[in-house]
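Working notes for the structure below.
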Amino acid sequence: MPEQKMPVLETRKLGISFGGLKAVSDFNIKIFPGELVGLIGPNGAGKTSVFNLLTGVYPPTEGTVILDGKPLNGKKTYQFVEAGVARTFQNIRLFKQMSVIENVKAACTKDIEYGLFAATFRTPKFWKAEKAVTEKAMRLLEICGLADVSELPAASLPYGRQRKLEIARALATDMKILLLDEPAAGMNPTETAELLACIQTIREQFGIAILLIEHDMSLVMNICERIQVIDYGQTIASGTPSEIAANKRVIAAYLGE
Amino acid sequence: MNTFFQTLIVGLRLGSIYALVALGYTMVYGIIRLINFAHGDFIMVGGYTMIFVIPVVLRLGLPAWAAVLAAIVVCALVGMGTELVAYRPVRKKGTNMTALITAIAMSLFLENLAQAIPAIGPNPKVASQIFKAGGIHIGTVTMEYTTIITLVISAVVMIVLFTFTQKTRLGRAMRCVSEDKAAATLMGINVNSTILLTFGIGSGLAAVAALMYMAQYPKVYTTMGALLGLKAFVSAVLGGIGIIPGAVLGGIVIGLVESFTTAYISSSMADTFVFLILIIVLILKPAGIMGKNIGEKV
Amino acid sequence: MKTSRFFSILLVLCMVFCIAAAGGSAFAADDQIIIGLISPNTGALAAYGTGIVTGADLAVEEINAAGGILGRQVQLIKTDDQSDPTECLNAFNSLVAKGVGLIIGSATSGCTSAITDAANEEEVCILSPTATADSITTEDDFIFRACYADSFQGAIAAAYAKQAGFDKVGVVYCAADVYSKGLFDSFSKACAEYGIELAAEQSSASLDVQDYTNQFTAMVNAGVEFVYAPYYYDVIGPYVVPQARAAGYSGIIMGADGYDTTPDYVVAGADLTAFNDVYWTNHYDPSDTSEKVSSFVQAYEAKYGSIPSAFGATGYDCVYMYKQAIEAAGSEDSVAVRDALADRSAVYECVTGTFSLDESGTPLKGAAIISFQSDGSTVTSKLVDVVTQLP
Amino acid sequence: MKKNKTARGYFLNTAVIVLLFTAFQILTAAKGSQGAFKLVLVPSIWQCCYLMVLAASLNLVLGFMGQLSLGHCGFMAIGAYTAALLSLACERAEWFDGKNDPRFLAVLIISVLAAGLLAALFSLLVGIPALRLKGDYLAIITLGFGMIIINIINNLPFCGQDGLALGSAGASLYKNGLGFGSKAKVQFLWFALAVTILSLTLLFMFVRSKYGRAIKAIRDDEIAASASGINTSKYKVLTFAYSAFFAGIAGALYACTNATLSTSSFAFTNGGILNSTFVVVMVVLGGMGSLTGSAVAAVIMFLVNYEIKNGQWVSLLPASLSGIFEYPMLVYALVLIIVILFRPKGIFGTYEFSLQNLIPDIRNAIKRHRAAKAEKEEAKANA
């Protein structure tokens, strides 16, 4: 039973307010290794704010994020990533002027050991590390089906592949939990299907936990093991897909009373 | 004690000028998020316009300051011309960085164009007296009327601009444009003409600043805008860029810092202290004294 | 992509063109005597360059009309140094590469000092119209000038203070300007020699500073009645003098040749009695009625429509000094001309005085002490004294 | 296969550099004493050298990291004064005797390194607080910093206007320090070239490593960069210092070309080519994100500047045109505006000139050109 294991990501009473507005309050979630959890809610419910809190983009005004039992209070975004949280963005944020493979390599930066001296004087250590990182990046691109376009500028990819590249880039950070912010937004059914396959492969190969924000209900209901629903910054329901589908508060929130 | 008051008055004198110039900077920055490096040079344009117009105005029997009307028109035209010719095309296809570099280029262009115009040339010019000398005596020190007028004008301009941007339709349009250009377009606001208007007002203000500058420091030369503009921009940043009362506050703070450093610390290190203050404030409060820290939307 | 190629082609063409042009050599007719002129014709100090160029042009025109030097016409090759040392060196090198051996320049000590070593190395004569820093000229070198040195000019001011009975003086100078700082140094050194106390010392961070009130308040507080303020005309006229008086300073303000043309830079309509009790030292006095000066001033006015500044006068003198030296040497060979200039018995009758050069190559000439006179609406200059020797 | 290609690239570059270097040495030996070579070409190469290093180092911050620094000449000033003072001090301590003393070379190398290190140190002082701020603020702080540096150097008793005293009687850099007169410039031309090639190479190595990827990521999207685990402030400060190091080296090379130093050459209001904003012009002209572009643009700017003032072809132009060239700064401003308006990416964009890819690149360009031509003709035929 997963409940006995230690959660990979846990939040306690997490909240943030902008000025007087409480965007998120008393947000509690536990995600266990290997789980795929969905976070849903109507527009403006605070889903992306939760992601920003979970990745340190916004410092929380209350509560804590705990990763593998270690609180991450006061840490910066890159330290969240070092600890093992990676994410994608709702509005794709790629390094547009860089090539596809460079996008992935850039995300490997924190794991590359060589220093300034080795880099400027091209010591054997440098070559070794660069070779390793190129191999790793190519492997990730293959998983996401982008190996054929590795040298093209990121901005030149079609929309669906840009989404995949964002996932590949997130994978490159060797995270424990992956946060996907509306990965299927704006995709046609074929692209969505490909994406689903890709997510499945990732779960199989890496065994990581995934937290997913999604609007596409069928997608969420299909693949998520658990779903948490928020509205006006507060959790209104949480449970298995079938439980959520039957929850009156959720239906009310989505359809309006 | 007299020294203190004297220093205070010098500080206010410098500060009131910085404040007036800073208002123009903040106005433009507030709307299009561009450091208009050429703003200092608009002051130079205003200055030279008045140099040439003041004799005409005096011959007509009008007071010398009436020349500012001509300067306002010329500056507004130059400002709007700059926007049309350089800033707008770059804004359309470039990044923030290219826009900023264009602003630097415009500044260099105006300075050197002025030098190439035979009637202006490399020699500085000195203006006639604009306001009658005299002032309020406090002990042995004198607070000149010109300083008081400058402070009053800064305050009036500040209040008018503030009310304009907050209360009028056009002002609200400007604020919309500054928040989100695309959304403003959707709301039926003509973004381009709003920005053009902003440049017109901001550059017109430069002419007023030029008048008050010349009333106290009557020398006009082609690079006069460089350092003046820089210090005024520092003032605007210090007060919180884009915030109209902040520009006035920042200007006066910078003027006082400069004056007190000259009098009490080291007369040749004043610039160093001005920038040190800026760096310290920005570290403690990155958005400036009156600014609010707004994070980037993710 | 197309534009990119266009640019690259342009670039290559441009480079080829430039290299071809750089390789070119002397282009003047063989029978002409060429004198190079380096001056700041653009940039912050363009006014000096304009003065020197106009003065030198006038002299060359006169000489050529009168049959030239040694029966040959004179040609000036003018170059611009933007008052930047590196540009000055570039200008120097390009002149020397064209075969020029006699150079007039540059206006400021900063620029001139950048080429003195190079001139000695290349054995090319430098005759500076207005580089006043002491260290510019030394014995046995190719460097000469048509103006006195800072140490002389600063010392004259100190001597004047001594003579007028001040034993306590103050100084306001610009810390970022070689000229102002140099004069401050020589003035304070002379004060120490004459037993004058330097009671207050104030400075400004750059020549862009507009407000000198605090500096003069400090002078008032220190109780000095004589302030040495070595600045330029465009700072003195609109800023320093009016602000000093407004700050309650009523004593003497003394300056140097930078005060030249100040009356053109005063605020019309303001109370100009502030300019009474302002004294300065100059290379010459334009209101001098001697034949030499008045004919120069008339010719200059006829050609350019304005009264010549000291830069115009020294630029004019430089050409005539070269003329005399070339005639003495019998050729325009730079080493021969150097030897002629180094001849201490040669006497030059110039607009800026009749003088010979000392062992280092600096004129031994007097300085005119001039005062401003004002009735409240205009400012005029009046010769007070001509000092030829220090006490 | 890929590794072979890299190795081949290294070999090719090294070979060409060595070849050019030898050619230069032979040329120097053959023409060293000739007027135009000694007085025009060699000093020009020296100046191009420091401008190239300066522009390329700024490109690291401006083009690769996307942060506008307007105080780059401040770092150059630090470097120039450090190197000059150090060499003067060494001469005073009689550690070397003239430029032919082998110990002079050691002093020279130490001075150049010290110049870079001190500039890097100062860049940390300004970078650590300033780089926390976004673009516009950084521009203004660095601009202010440039002015502070000038202000401080002016007020330092040992290096202001006095320490590097003027002219032949003063402590001239040509006579007493690391400054090179015309003959010495020819003799030490190899040094300028070596320092420049080394600096540009090291900048290249930096850009083509994880550091380069990290700062390009920061340029493209700072938030995404930190969400990819890049410690943005660390890389920003580090890059700023690395760039300042080479600006300092450029300063040292600048000191080598001069007999005296004057702070006004580095000042914000200076109208010359060393104005900090002009370095920005070089980078923009060459292409933000192309080191070779910066180097080429630096040479172009130098040539234009030199030719406008000293060239003969300007006088061949019709009077109305040559009139403009009496104001070189006006020409630069116009060039900058035109480049930004019509080719905002600069001449090279982010393209790097490379020997290895030169032939394939040209072949591709010709192919594209032919294709375009054929298309046009086809269109014409159809019409």
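Here the chain labels run A, B, C and D in written order, and each chain numbers its own residues starting at 1.
Heads up, the rule we're going with is that a contact is a pair of C-beta atoms (placed from the backbone, for glycine too) under 8 Å apart; a residue touches a chain by one contact, two chains touch by 3 or more.
Owing to the predicted nature of the structure, the values given are computational and were not obtained by experimental measurement.
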Those chains which touch chain D and also touch chain C: B
Farthest chain (mean CA position) relative to chain A: C
Of B-C and B-D, pair with higher C-beta contact tally: B-D
Chain A and chain C, separation of their C-alpha mean positions in angstrom: 71
Centroid spacing, where centroids are CA-atom means, of chain B and chain D in whole angstrom: 34
Separation of chain A from chain B, taking each centre as the mean of its C-alpha atoms, in whole Å: 47
Centre-of-Cα separation between chain C and chain B, whole angstrom: 36
Overlap residues in chain A, where contacts from two or more other chains coincide: 57, 89
Chain D: positions in contact with at least two other chains: 151, 154-155, 223, 269, 271, 326-327, 329
Of all residues in chain B, the ones touching two or more other chains: 115, 223, 226-227, 268-269, 271-272, 298
Contact set on chain B toward chain C in their complex: 2-3, 6-7, 9-10, 13-14, 64, 115, 121-124, 126-129, 133, 140-142, 144, 216-219, 221, 223, 226-227, 259, 262-263, 267-272
Parts of chain C lying in touch with chain B, wherever the complex brings them together: 42-44, 46-47, 50, 175-176, 202-206, 208-211, 213-215, 217-218, 221, 234, 237-239, 246-248, 264-271
Chain D - residues contacting chain B, complex: 62, 66, 68, 70, 126, 129-130, 132-133, 135-137, 139-141, 143-145, 147-148, 151-152, 154-155, 223, 268-269, 271, 277, 280-281, 284, 288, 324, 326-327, 329-330, 332-334, 336-337, 340-341, 344
Of chain A, residues touching chain D in the complex: 55, 57, 76-78, 81-82, 86-87, 89, 93-98, 102-103, 105-110, 112, 114, 116, 119-122, 126, 129-131, 133, 169-170, 172-173
For the chain D and chain A complex, residues of the former touching the latter: 3, 202, 205-206, 209-211, 213-214, 216-217, 219-221, 223-232, 238, 242, 289, 350
